[in-house]
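Here's the structure we're looking at; comments come further down.
We just call them A, B, C and D in the order they show up, numbering each chain from 1.
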Amino acid sequence: MSKNNDKKLKIGIYELTGCAGDGLLILDCEMELVDIFQAADIQSFLMAKSDNIDGELDIALVEGSVSTEREIEELKDIRKRAQVVVAFGLCATHGGIQARFSEEEWQKNLKEVYGDIEMSHTKAVHSKPIDEYIDVDLYLPGCPVSKDQFLNFLVRALGGSPPEVYPNPVCVTCKYNENDCLLLKGIPCLGPLTADGCGAICPNHNVPCYGCWGPAEGANFTSEFYLLQEKGFDMEAIKKRMANYSGTKLQEFFEKFKKESQ
Amino acid sequence: MNTENKITAQSNPFLPEPARIVRTYPLTDDVHFFQVRIADMEKALSFRYEIGQFAMISVLGAGEAPFSISSTPSRPGLLEFCIRRAGAVTSKLFQLKENDFVGIRGPYGNGFPVEKMQGKDILIVMGGLGAAPLRSVLLYCLDNRDLFGRIILLHGAKRPAEMLFRDELLDIKKRDDLEGYLTVDGDDTGQWTENVGVVTTLFPKLENINPENTVGVVCGPPVMYKFVLQEFLKLDIPKDQILMTLERRMKCGVGKCGHCAIDYIYTCLEGPVFSYWDVTHMRELI
Amino acid sequence: MKIVKLKKDNLFPFLEAIKGDAELWAPVKKDDAKHTFQPVDDFSQIDLDYTRTILPPRKILLPAKFNMYQASKSEFTSDFSHISKKIIFGIHPCDIHAFLTMDKFYSYEIEDPYWLEARKNLVLLGHSCWPDENCMCKSTNTHVVEEGYDLFFTDLEDTYVVWIGSSRGDDLIREKPELFEEDLTDTDIQKFIQRRENRDKAFTTEINFAAMPDLMELKYNDALWEKLGDACLACGSCTNVCPTCNCYNVEDRPVLGKDFSNIQRCWDACTLENYSGVAGGENFREKRADRLKLWYTHKLQSYISKYGKPACVGCGRCVATCPVDINVKTVAQSLDGNEVDSFWDRLSKEVTK
Amino acid sequence: MKTISIDHLARVEGNGGIHATIDGKVVTDVKFTINEGPRLIEKLALGRTPDEDVSMSPRICAICTCSHKNSVLRAFENAMDIKITPKAYLLREMMHMGEFIESHSLHTFYLALPDFLGYPNAIAMAADYAFEVQIALEMKHYGNHIMKVTNGRYIHGENAIIGGFGKWPSREEMIFIKDRALQFMPFVQKTVDLFCGLEYPNSPNAETNYMCCEPGSGKFGFWGDEILISTGETVPRDDYKSVTNEFVVSHSFAKHSLYQDKPFTVGALARIVNLGDRLEGQAGEMYKKYFNETWKTNPFYHNPSRTLEIMYAFERIPGLVDEFLKLEDPASVVDYEVKDGKGTGLVEAPRGLLIHHHEVQDGVVSYVDIITPTAQNTEDIERYCHVAAQ
């Protein structure tokens, strides 16, 4: 993590294709917002300010997936200007929900939605996470990222350190919150496969985790597959459920799994 | 654990002592030397430790991590560390300058069994960052020269530029009460006058080793252990006279956070120094 | 040991009298008939008809995350602000035993002030319980308590027999002596003995814990561990719900707009992926099987050598929690050579198919 | 011929630009582009189960995630003939109030006010208007808090599910929400006075049609089963396509809509124009005090309209809480079977009319059509910019 001792960190917040939830989450830190703007030199943040500068940066937070050629250029430019590039939110880290299609499916669907019209301002490309195009220094997943995670990142970054990360699954926080496990009740919860950080929002409310933070490091997909199958779920349906939020990154697993179970 | 230093609940054992960096300079590109003094003079002098013990160093905003004490207890007051840039704590530490503050707590760990080593020949084999704890052993033995028999040092590095304490050791090597051998895997400078080859290529140079009276001490990267241990065994050094220090994840240093547990041994309490005998009886160790 | 009697109607007035400015924690029903320990002001929320809570009561002393100290540039200040006077009411024998085990652990070699200070400020009011098929405390010999509590309430339908376990417990009684009756009648004693006998008979699960240290040693390389590793979801749940688990991480969390950090202590679990990871990407226990071995060594073997009894207090929480049947009951039974109908066996058959 | 291009509009939610082509003194063309790429949201849920669709669809937009949630839920509940309990209905409305307060305070204080007062952003404004900025932040926070209590988190909550909710919030949480609402009222009054009293630039008198949900029974509100057009016509929800014929333009991945070949406006101003006279209480009085004919022809009056709606929401909340707490606690979600069907859900998002149409076949989603307020407004935005640029 870069830092200059006397000057405030120069931070830029950029949005590619997505729901803008991660940028909005920064604005949702209402009680901390004034401190944030005082502690850091926010150079660019389209959603919040109009006097934006495109200069050298210490940190660039990039949210959204890469979905047009113009965004590829923009992203490369950000990489050139920033010491540290952070993939901010699930769309940037994993491609988001829009990245779950295969290339062919995507082409087909694009045609169905937009017909043959050629866009004048830029060409669409299959949505991908930003590390498909540039080197990424840090990943903050989540759909959207959480306030705690963002503030933890920010306060540590301001002092020149990366955040502490615990690559745990959702179950960890779910247990802290003393939820009765949904898997035991036969509800298809993806908690064991999903990166922690949301606060176990869904199981807190008796709703099974949908996996919106993307796959957890070290997750045991095979075991969960068979467990859900044993609970009466259809293999294809489980796969689809798992793929919803994992973007392009679950594909590798499916390939491996296919080989293993043959 | 040294009972004299046992800290009671009144003085929260997790609370570091403010300390200042007295001196810091690079030993190599990614290993820096740090000399640190506890700010409170009285506490600085009463910080007594043994060779092979470690301390927790904390850096504001980055965290805390364990580091072997590289200085010798025979020279109290200042603590020396030799630290490789690895992650959050160490990177931040590298940005600090002389006079900046860090936090220190310790010393922790069992340290080397000095009593058992006394009167024996000491064969020290270190590689890479293994020099951090073993420099303390070496300096201590030299400072208390008459307590020990022969002192033999084998030290290896990848390249001359990566040899920790190179100049200090080249100097020490000139002493006639020490048999010192330095080696590099490869010499890219053309100026290296010492041995070239991995550290085990130094063993044939050793003469008249009396295994029963020798304590072998080794610390280095994981691959090194395997080969050096074989050499020790070839020399017939008894397993309980072969000593090594191990690394594990640690968050507390005092046997509470659980991370350093190997089977049911806490590395921070019963280690980090283990004999080869211990190691062969601990299933998870190597 | 002194024993008194308390009419059930007098329970709430007694709690009211002793509560003072302390926080009273008691079992409260969460949805689906599961219970959790919660701070209660309204005593009618207390539900003593429970077997085990989801999280063990250690969370009351060492919360999942708390500040250990504040660090500024040149100063470190202890933070004990999360510790306050607390009463735990309704804690069962197994959990009291777990507290005793933790007391030993946190005093071993170096004292952990966060546990010990919290403990000093804690009043423990135990309560009798009735086993279900997952309770193993009779096997771990933790189904009765002789020490470790201030008062212990045994439910005899309309009254409680109250054992006084400490001088502090005695002081508590003295707050409202008029609520208690000094003398137990013969029928009370008969009832008490009868209850104990019936309860002893109600245990359906028996585990040979005495054999476990040897079996762990002998079967260290058994194929069982690989199977467990294949099935384990690495979700950390067994570890997080166990009353004798203690691992934690420490985080330096700078405070926005201030020049100091909060140094936070947060639970960790050895069954999680990154537990033994160190700088540079090395991980000493990358395999789930290795992490499980560590956990079971801890529960079934290592404490015995250090403290003379297993770390497991037989509460059955891991049994009630693990989605894939890996728990002390099934693992101990398998190590002991019994057939166990478990997910891990079915899984390995499926995978090879 | 030259073009003036603003590639990235600042302080709007989403990433858009405006490109005006000027030939001599005549503006020949204005294009409002959305720089974002296509996400094909309507294709994402195909083959997925309805509950997965309910989780994914609101990810279209973070700012109106609760509106999307309510809309998609209404669609599926219509498609599968599910009747939620009155208690769940009230909680859904509460969730909607939270979003309106959050979104409207964001929009008025953070995105719009700095422009009127000449600051680059709201935080810079804090130097001179510390109190206002602080309370406005608290107001936004309060809106977020409601969404968290009702739906699980600020953005993309998951508590609202088909058939009701995963879990009821606690009584204490609901009472807290009510108490806070009452405390805010003086500031809400100030907010209305501030925005309704501001001098707005003259607009080139561009008349348009206004469109919003008809809440029914003569009330003001944020959802309904019919679309109400300022011409007086109403359209039932299932005929939504007759008013919102989305089409693709070549300069944006956001689709555009026209009503009877004319652009139309949705949003706060549309609701106030169409329904303002139904406002009661303090909001009703403020409507009478400030509303006049110029509002109808000047899009700057979106902001005063938003503040009237903020007031409406704050006045509605205490009653909502009371009604909610009066009802027994039934199961938070009603039992239902996934079955085949087609359904449309209409709600008012803060930005305007939002339509979700979802179809289920063989237990999975077979067709999705979502019409967002942006799609409906873009034609009008371009038209206004054209007039303004002129």
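The definition used in the following text is that a contact is a pair of C-beta atoms (placed from the backbone, for glycine too) under 8 Å apart; a residue touches a chain by one contact, two chains touch by 3 or more.
Computed from a predicted model, the values in this text were never measured in an experiment.
Colleague: Tell me which of B-C and A-B has more C-beta pairs in contact.
Modeller: B-C
Colleague: Could you grab the centroid distance between subunit B and subunit C? Build each centroid from C-alpha atoms only and quote it in angstrom.
Modeller: 39
Colleague: Between subunit A and subunit B, what is the separation of their C-alpha centroids in Å?
Modeller: One centre to the other, that is 42 Å.
Colleague: Just give me the whole-number Å value for how far the CA centre of subunit A lies from that of subunit C.
Modeller: Measuring from centre to centre gives 36 Å for this pair.
Colleague: Any idea how many Å lie between the Cα centroids of subunit A and subunit D?
Modeller: 25
Colleague: If a residue has to touch 2 or more other chains to count, which residues of subunit B qualify?
Modeller: 60-63, 87
Colleague: Return the residues of subunit C touching two or more other chains; collapse runs of consecutive numbers into ranges.
Modeller: In subunit C, the residues touching two or more other chains are 31, 249, 251-252, 254, 268.
Colleague: Could you tell me which residues belong to subunit D and also touch two or more other chains?
Modeller: 167
Colleague: Which chain pairs here would you call touching?
Modeller: After working through each pair, the chains in contact turn out to be A-B, A-C, A-D, B-C.
Colleague: Under the touch definition given earlier, write down the residues of subunit A that touch subunit D in their complex.
Modeller: Of all residues in subunit A, those touching subunit D are 15-22, 24-25, 27-28, 30-31, 33-34, 37, 46-52, 64-68, 70-71, 96-98, 100-101, 106, 109-110, 112-115, 117-122, 124-125, 127, 143-144, 146-147, 198-199, 201-202, 204-207, 210, 212, 237, 240-241, 244.
Colleague: List the residues on subunit C that touch subunit A in their complex, please.
Modeller: 30-32, 34, 36, 53-55, 64, 230-237, 240-241, 249, 251-257, 267-269, 272-274, 288, 321, 323-324, 343, 346-347, 350-351
Colleague: Flag every residue of subunit D that touches subunit A in the complex, lowest number first.
Modeller: Residue positions touching the partner: 8-15, 33, 35-44, 47-49, 52, 55-56, 59-63, 65, 106, 110, 114-115, 120-124, 126, 133, 137-138, 140-141, 144, 152-159, 161, 165-167, 248-253, 332.
Colleague: Quick check on the complex: what are the subunit B residues that touch subunit C?
Modeller: Per the stated touch rule, the residues are 1, 6-9, 12-18, 39, 58, 60-65, 86-87, 90, 101, 103, 247-249, 251-252, 254-259, 261, 263-264, 269, 283-284.
Colleague: Which residues of subunit A touch subunit C once you look at their complex with the stated criterion?
Modeller: The touching residues are 32, 35-36, 38-39, 151-152, 154-156, 158-159, 161, 164, 166-169, 171-172, 175-176, 178-181, 183-185, 191-192, 206, 216-220, 222-224, 226-227, 230, 260-261.
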